[in-house]
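Listed below are the structures to be examined.
The two complexes that follow have chain A in common; it is paired with chain B in the first and with chain C in the second.
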Partner chain A sequence: MKKVWLWLLLCVLAAVVCIPMYFLIDGSLMGKGEVTEYLAPVMQNKNGFASFRLLPMYPTLRSYVELLLDSPEFFVMFWNSVKLTLLILAGQLVTGVPAAWGFARLRIPGKRMLFQLYVILMLMPFQVTMLSNYLTLDRLRLLDTHAAIILPAVFSTFPVFLMYRFFENIPESILESARVDGAGSWTIFRKIGVPLGSSGIVSAMVLGFLEYWNLIEQPLVFLKDKSLWPLSLYLPNIGLEEAGMAFVASVVTLIPSLLVFFAGGEYLEQGIAASAVKE
Partner chain B sequence: MEIQSLWQIKWGQKGESSTQKKALRYLAAFLALMVLCTLLSGAADALTLARIKTEAIRPMSLKHDTSLSGTLSPKYEQAVFTLPDQKVSSVQVKEGDMVKEGDILFQVDLEELEEQLERARDELKKAEYQQKDTNSAGALEAKEKQKAEARAREDYDHTLEEADRKIREAEAAWADAQARLDIIRDKTVTPETDADAGQGYTQEQKQQDINSLEQETDARKQDYDAAVAEKEEKMRNAGRQVEDASSPSPSNHSNAIAELDQKEIERRIQKLEQLKEDGGAVRSTMDGVVKKLETATGQITSSTMAALLTDTSNGYRFEAAASKNEIKYLAVGDEVTLDFGDQYEPVSGLRIESIEAAGEDSDQSLISLDVPPQKEKLPSTAELKASRTTKKYTAVVPVEALRVEKGKYFLYMPSEKESVLGKITVVERVDVEILDKNDQYAAVEGAFLESNEVLVHSNKTVNTGDRVRKEES
Partner chain C sequence: MDKKMRHIKRKRYDGVLFILPSLVGVSIFLTVPFLDVIRRSFTDVIGENFVGLQNYRTVFQTSAFQLASSNTLKFVLVCIPLLLVLSLMIALILTESFGNKSRLKHAYLIPMAIPVASIVLFWRVMFAKQGLLNGILAQFGVPGKDWMNDSTAFVILVGSYIWKNLGYHIVLWTAGLTAIPKSLYEAAAVDGASWWKKFRYITLPNLRAVLCTISVLAFLNSFKVFREAYLVAGDYPDESMYLLQHLFNNWFRELSLDKLSAAAVVVSVIIFLGIQLLEKFWDQEEKSR
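Up next, the complex of A and B:
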């Protein structure tokens, strides 16, 4: 009996969480007039409240067609997002993984202090470091280029932190036995560290994807040229007339995140579970 | 145990973890779909994008070509007259014929001519006789007048003589009376005695004598005065008569008039005789074209012109009527060319002589100019061609670029904008004022954009703010 109630409660909570996504898909199938009607009170400062139906009265794929076939701007931004995300993740793989391994496994003087610094930096919100970032990028003449987003993100501290945890969990004995067998640091890292910490790496990548796919602040501040903007900046440009397109754009933006999560979510779980097991 | 749990974490092997694989497959498919949609939307955009042709706004001067049709008429005209009241027996030319000096235009009836000649001669004789009569009458009149004048003078002299004589007589009588009076006054008075009664001279007697003499004297004086007055009057009358008799007679040029009349008749006779000698032919007085013929066979000639000859050797006059709009770019003194079509050579280097309002209608104007004589005879219609170049305007655009909405002119100018798609070209509307315009170009004034180009042609309708693509020229 208790289970049933628990189950019901969880369902209700889950439904509450899922409603926005449902409305998103719902709205993307509505015609322009319908959407405008529902959202006018909000968007046009009229009296009354915005309302929404559970199912569209006049479903149509018009917004999809308009967005996917009639708006080249959307695709420019989409591929910008793809480019940014892939490059950032690649860069993080290249720099973050060794860094995490180094923090976890190597003996470096001042390691602790450096790591503390890392943690502090990780805790700071973007707004705090925004100005100094801007000045640095300006000096380096990287403003208004994709590198202004990619480079700071590549050297971001969060993935390092995540992966560090996983590398730390690897038993020392394995490494030692490997060293005894004659493996060098690099070989140990490559052949033992990476495979064993792969779940950590993947979960860092997945979280990284989710973060960088939806990046808003950095592009808004550092990119002036509109042709460099990522997809996350498409929505602020839309007004009430194109609310249908806004819904569709949101759906399209959502899909890769969903798919990536489905692809790599298991590792996330596993990684979290593994770290729990350790302690 | 740790190692075991860690070793459990493996890569998903093939066959296991279908969710993960499905998700990866879907992700790949999604990306492929995105690629496809990118290409499709790009293609659709390219199709819907208006392609435009532009031209730069540049400083230029505008050329205004004016073309008017008008008539060409020979400048020199001469009328041919002949004697009136002649009967036209035959006409040798018609309107439009070219004649040379001396060519016969028409002929008059000789019989009629002869009769007229006779009549004229008789008239002359009559006039001569009349003159003679008038002359003799005049002479006679003069003589009579002379006589009257002489007589009046005679009378005057005679009257004067008479009057003087009378005055003298009266004066003498008066003097006499006065003298006697004086004597009596001086006579001594002798007192009267009884003895010499009737012999003495008494005071009473003296007084009586004095009185009567005084009376007499007065009477004589009065006579004298009367005589003087009479003379005055008589002389006045006589003088007037002399005046009247000698007043000049009115001028009498009847002689001269008669002479002139006769001369005219003589001239007419001469002309008639000349015409008769020529066989009654009326000839052309110059080389030219018969523009008008006022006579016809069987008609009587009048004193107005019988024929109108025009001469092309003195040039032509070109005249054209045009509305105010058409002559906007013409002014007196402008150099023009007259075009006659294929058959004749155009004449250039001519200047407009005058542009005036044609009659009451202020909208129409008459343009005229002189054309010097040409080698060949020119036709009667011609096309005036003039071209005027205005000053250099700073901004000139092709006329195709002009658009109008609600009476206001505007242009579309491309401007570069930054957008998500990179640098795009957008057209913006720019309102302009037209300063001058001809068929091909218009000089405009307005707030131009940086690009300094205007949209001349577009394969789709565009509105302000639309994205466009410039066509490579």
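Up next, the complex of A and C:
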């Protein structure tokens, strides 16, 4: 009996946690008129208070059609986001996976110190490194290009750290027997390390996607040209007067994250756990 | 013999090529520039004349810095304990009653997937002067207020941070809890120990290492709250939620590179100390098994 109550409590709490998402989807299915009617007090300083309905009175996909067909700037931003996220993740795969393997399993002079440097860099908030980043990018003449966002993110040390945790757990005996068979370190990495550490690699990519799909600070500081902005920076600049549009844009931004979330939930969990707790 | 020696030598540092691309990039984009910031913190605004500790003195005397650091400290002290206790409670109930495979956990992770930007819309509608919250309160005859432009802005910030990070910490705790050997609880159950006794004498002691790690990580990650704060209230939010991160951004815009460098170094030192603590706990975790 007690169990049922606890379960109910947790369900209610989980529902509360999910309210904002429901609100966005709900609003996106209302027509412009309906949204305006409910939110007029907030949008146009009319008297009274804003209200909302659990389900749209007149559900319609018109706002979606309008956004997807009639707003070219939305597409530009959407593709900017896709491009930034994919290139960053690809770069992290190419440089980060071998680095994590090297730190976890191979001999490197000064390894302990270097790895500690990686941990320090991983935990520095953006505001601390913002200035140094800015100066470097300026010197390399990369400001106001997508490379200004991509390159520093590619060399973020968090994915290296995360994959390191997974590579560390591969039993030494497997590597040893491969070595006895005469496999070189590259072969061992490719044939044993990558397949056995694949859940770590996927975890890093899932966490990375959620992070980079959401970029705010970096583009805000490094990109002046609005046509280069990602979706995440465009959204907060839609005024409340266009609430209907903002709802749909929010949901469209949310969808890729949710897809990755549901497809990779298990890996997300593993990745989070590995970032703090040693197995 | 000579050939064998060379072979051993080559094998000794076989990892260098693996980390080289990453290391070069990290040096160019992170390490070298950061060293430059340390240098700048001791020079004037152009970055040429050595001024000793002058910048540090200026920073500590600026009232904006005092306000921002005390707010940030307040935020950390209020938010982190709340977040840790709440997530531990949920993780306990989840693992004890439903096993660690419960789907319910995923619901708490969903806020991680929601772009901060799109949630701002909800916040604005909810907490505006004529927003939903005041509308609901009015029905009960309670007078509302402009939540975002008042000291309640701080509470909303804490709430958003907890909302966003609850799932993350539930997962961390669950990982710690499932690592505790089941046999300990079974033995205690045979002895007829109460729930509280089991929690006090089995769960807590076994969670100690994990608890330290999670606390320090939560502290270090709390510097990232700026994203929420910025989106909710812009560059100049209510005084109660003016954080170090806002100050950094404003100095950056004014190009006060001298002050910004000095403040960045101060924050890095604090974070560095936190990391030393973290590494100590990780080593303990390693030894305790």
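Everything that follows uses one rule, which is that the second predicted complex is superposed on the first by the 248 of 279 C-alpha atoms of A that agree within 3 Å, B and C clash if a C-alpha of one lies under 4 Å from a C-alpha of the other, contacts with A are read in each partner's own complex, and residues count from 1 in each chain.
In the analysis below, a contact is a pair of C-beta atoms (placed from the backbone, for glycine too) under 8 Å apart; a residue touches a chain by one contact, two chains touch by 3 or more.
Because the structure is a prediction, the values reported are computed rather than measured.
K.L.:
Would you mind checking whether chain B and chain C clash or fit side by side on chain A after the superposition?
P.N.:
Verdict on chain A: chain B and chain C fit.
K.L.:
Applying the touch criterion given at the start, work out whether A:V160 contacts chain B, chain C, both or neither, answering first, second, both or neither.
P.N.:
second
K.L.:
What is the contact status of A:V260 with respect to chain B (first) and chain C (second): first, second, both, or neither?
P.N.:
Both partners, chain B and chain C.
K.L.:
Given the superposition on chain A, what is the angle at the CA centre of chain A with arms to the CA centres of chain B and chain C, as a multiple of 10 degrees?
P.N.:
110
K.L.:
Of chain B and chain C, which one touches more residues of chain A?
P.N.:
The partner that reaches more residues of chain A in the superposed model: C.
K.L.:
Quick check on the superposed pair: does A:S199 touch chain B, chain C, both, or neither? Answer first, second, both or neither.
P.N.:
In the superposition, A:S199 touches chain B alone.
K.L.:
For A:N214 in the superposed arrangement: first (chain B), second (chain C), both or neither?
P.N.:
The second partner, chain C, only.
K.L.:
Of the two partner chains, chain B (first) and chain C (second), which one does A:L123 touch, if any: first, second, both, or neither?
P.N.:
second
K.L.:
Touch test for A:K226: chain B only (first), chain C only (second), both, or neither?
P.N.:
Only chain B is touched by A:K226; chain C is not.
K.L.:
For A:P171 in the superposed arrangement: first (chain B), second (chain C), both or neither?
P.N.:
The answer is first: A:P171 touches chain B but not chain C.
K.L.:
Which partner does A:S71 contact after superposing on A: first (chain B), second (chain C), both, neither?
P.N.:
First partner only, chain B.
K.L.:
Considering the aligned complexes, could you tell me the closest Cα pair distance between chain B and chain C in angstrom?
P.N.:
Chain B and chain C, overlaid via chain A, are at closest 13 Å apart by C-alpha.
K.L.:
State which residues of chain A lie in both footprints, the one left by chain B and the one left by chain C.
P.N.:
260-261, 277-278
K.L.:
Note which residues of chain A are touching chain B in the complex, please.
P.N.:
Counting only chain A, the residues touching chain B are 68-79, 82, 169-171, 174, 196, 198-199, 225-227, 229, 255-256, 259-264, 266, 270-271, 274, 277-278.
K.L.:
Tell me, which parts of chain B touch chain A in their complex?
P.N.:
Those residues of chain B that touch chain A are 2-3, 5-6, 9, 11-12, 17, 19-20, 22-24, 26-27, 30-31, 34, 37-38, 40-42, 44-45, 418-422.
K.L.:
In the complex, go through chain C and note every residue touching chain A.
P.N.:
It is residues 11-19, 21-23, 25-26, 28-34, 36-37, 40, 90, 93-94, 97-98, 104-122, 124-125, 128, 130-132, 134-135, 138, 163, 166-168, 171-172, 174-176, 179, 210, 213-214, 217, 220, 223-224, 226-227, 230-231, 244-245, 248-249, 252, 257, 260-261, 264, 267-268, 271-272, 274-275, 278-279, 282, 285-286 of chain C that touch chain A.
K.L.:
Given the complex with chain C, which residues does chain A contribute to the contact?
P.N.:
Residue positions touching the partner: 3, 6-7, 9-11, 13-15, 17-18, 20-21, 23-24, 39, 41-42, 45-46, 48-52, 94-96, 98-99, 101-103, 105-109, 111, 114, 116-121, 123-136, 151-152, 154-155, 157, 160, 185, 189, 210, 213-214, 216-217, 221, 231-236, 240, 243, 246-247, 249-251, 253-254, 257-258, 260-261, 265, 268-269, 272-273, 275-279.
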